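Just passing along the structure, written as structure tokens.
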């Protein structure tokens, strides 16, 4: 029992870090579902793309000898902004090429295309990196600052990289909240989510708003990708799949289409997963350990969809289809 | 009606392509041409009796002989057969009933592990008595058993999941498959059911029960030569049974009920179709096909591990059904054949070709860009590994340009 | 005792009271029409009757059997079939298949018969196909049975819907035009018909009784001539200008 209590603070921190990352990725899923009622299955690759953008920039700086020369804050800022922008643009391109031609048709057709896009992008990343660097398992170069730790209590040391994740995510979530609720563009997005026909009658360019939604969602995913890379160091083209499914679960958990719901769902799922990873083996006397933590998210998804499909905070989908 | 010219032309084609494949066993193209003869037999206007005889001779005589000469062809044929069976199973779920199952491979895994566990020493790890592996004759029992187990698994998955809307259904089936894979990967402790990532081996193969008969006729073959042929005929038989069952179901009220549900669930319900039960039955049938062929797969491979049952495999089978045409039996067969050949032969061929380029030391001169020594091609670039890209492209392009597939189900002009 | 009786049916969707204590009786041999401006609740009432919606309150009795809470397929096998206002045919299935689906609950072939291809199976299939062909002839779709439903013209699709609904309920007969079809159907082939119709000529021409809904409530009932002169009905249609384009007279 003491062991359980002892590791609790660390588990909480892990859970919060994980939770923020899931929340950021979940936003991409939920925003797109809100305006199109469509699961952007390839969002997990947009997320991983962010990781790759980050690692490429860092590696290029490193080989130019500049990695230690520049102030870390600048490096981080560059990497984050680049990751967000490129992921956002990639998401927009994805929508234009693979989804827009299918709009108006049966929904499953678009979903199948999304699954295809997801697979294609995984191997496209692999192809690029194989040709460019002759390897597709990449590792983030270390930034010493990130590995320093801040002791919070006697038991608890928090690495700076965790603090980075938490702070950046909080800032971005606040910015997104402001954007969606207080700006004209954000309101346009909410209008299209609620009723695209009326929004279009009001003069809102629906297709452009959809493209913008993909950009913002993609940027959030890209940010999560960079943070993921900075925090866990290792990236490969296939490492988006599991976080992607989990983040989608988080979005459904919070209520699909519901932006605060995605944030809540991400946090809940992150904490649940951290707890499962650490405590499951203790609880089951070693029978089932941390290796089941991925399965955990799927079980949560299945249970949510069976018992409370509208999620914790309720779905936000289009109103009455007449 | 049949034209004598067409018939003769077809026979000539079969003879020529077979000879090419026979005398040039290294030629992928010759083999492909020969396989294409089946497609031609199906589609050209030839008397049905002739079609039957031609098809039978290709499948039952010509192909095995070819395989005897070049064992690799037999291996490809068996692979194709397995995927045809899987595609037909998924075709029922996705094509007839319109339920997007993204985790179909889970049922395949269940069947494979079912035989793997009991047809190898694995079961001794949790069942006392040292009774395992069961004698090879049990293979056939397990083949039948897997149908029931698969149907049960399909029903269990379907029960909570079938009232979800289409896209959620898809994700949950994906989750289910991942759960099955995680279980298979990790159930080596506390009790060793599946031996985890190390997989299970050696798995019993079915008995050569006809060997005494062959020996009676003075035909002596080593098991090593006999087994590939044996598996070929086993797969062929299983595929024939599956096709028969599918056709029968399709042309009955169950098949119509599935299609009605796919087209408009509410109208179907208003017509008296018991929607939930019908969907469950579709899931169960599809799952049972996959499980049965899983047993075959385990026996053929002698060794299985969780790596054969990934999400990519599920999507591969989906790509086959979509490429061929959802809801169409010839479509599923064509799709499975096409995608398997694409992966097994074309991609691999590309890999080998690239490797030979690397080793040749040749140099590519591109105007204005200078020269590029082909030995510099990154070693990591292996076309054979890019199956996901192939599947992904197939899915996207088919959805945008031809969602009904290459051989969609046709209207019945001649009713 | 009436053949079909709806008593005080109420249904609410969120803030909208779609049906408020609607009562209606359908006697054997009767053709009744349900009319009312757009949004009055006619389709909702139909959906409730056929089990797609569950009423918040009220009773439905068919041949004195309670129907509330039953699944749609149970209601169909109890003897009630419906068509849809928007054409809800099975587009990628042939005309023949569409009608055969309607007969789903009537063709009782077991799984083993299907799988083994027994003589019983073939006999039943043939019988079903024959009945379906008769219905197709009845509705004037002969020759189109092998085509996919979405290729039919609007009028033909409407007729296919009728054929399908008939297959869900009934036996067969010879050919009539649409209006006479109904008249001819009642008695020998169906026990009664409840009809939502905007074309007033049809309503006045064949209904024995007309029920009028407005804003979820029943505001009038009676013989067609009574109803068309009822001031409340006139106001409901003309007063707010919600008269549907198809209405005449």
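Chains here go by letter, A, B and C, matching the order in which they are written, and residues are numbered from 1 within each.
Everything below uses one rule, namely that a residue touches a chain if its C-beta (ideal position, glycine included) is under 8 Å from a C-beta of that chain, and two chains touch if they have at least 3 such contacts.
Since this is a predicted model, take the numbers as computed values, not measurements.
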| item | value |
| --- | --- |
| Graph class of chain-chain contacts, one of line, ring, star, complete, other | line |
| Chain whose Cα centroid lies nearest the overall Cα centroid | B |
| Distance from subunit C to subunit B - Cα centre to Cα centre, in angstrom | 45 |
| Centroid distance [mean C-alpha coordinates] between subunit B and subunit A, Å | 35 |
| Centroid spacing, where centroids are CA-atom means, of subunit A and subunit C in whole angstrom | 50 |
| Subunit A partner contacts - residues on subunit B that touch it in the complex | 98, 100, 102, 160-161, 164, 166-168, 170-172, 174-176, 178-179, 182-183, 185-186, 189-190, 311-312, 315, 318-319, 322, 378-381, 385-389, 391-396, 399-400, 403 |
| Of all residues in subunit C, those that touch subunit B in their complex | 50-52, 71-73, 76-77, 81-82, 84, 88-94, 96-97, 100-107, 109, 111, 114-115, 117, 121, 125, 128, 145-148, 164, 168 |
| Subunit B residues within the subunit C interface of the complex | 245, 248-249, 251-254, 256-257, 259-260, 263-264, 266-275, 327, 409, 411-415 |
| Touching residues on subunit A, where the partner in the complex is subunit B | 38-39, 98, 101-102, 105, 107-113, 115-124, 126-127, 130-131, 134-136, 241, 245, 248, 252, 286-288, 291-292, 294-295, 298-299, 301-302, 305-306, 309 |
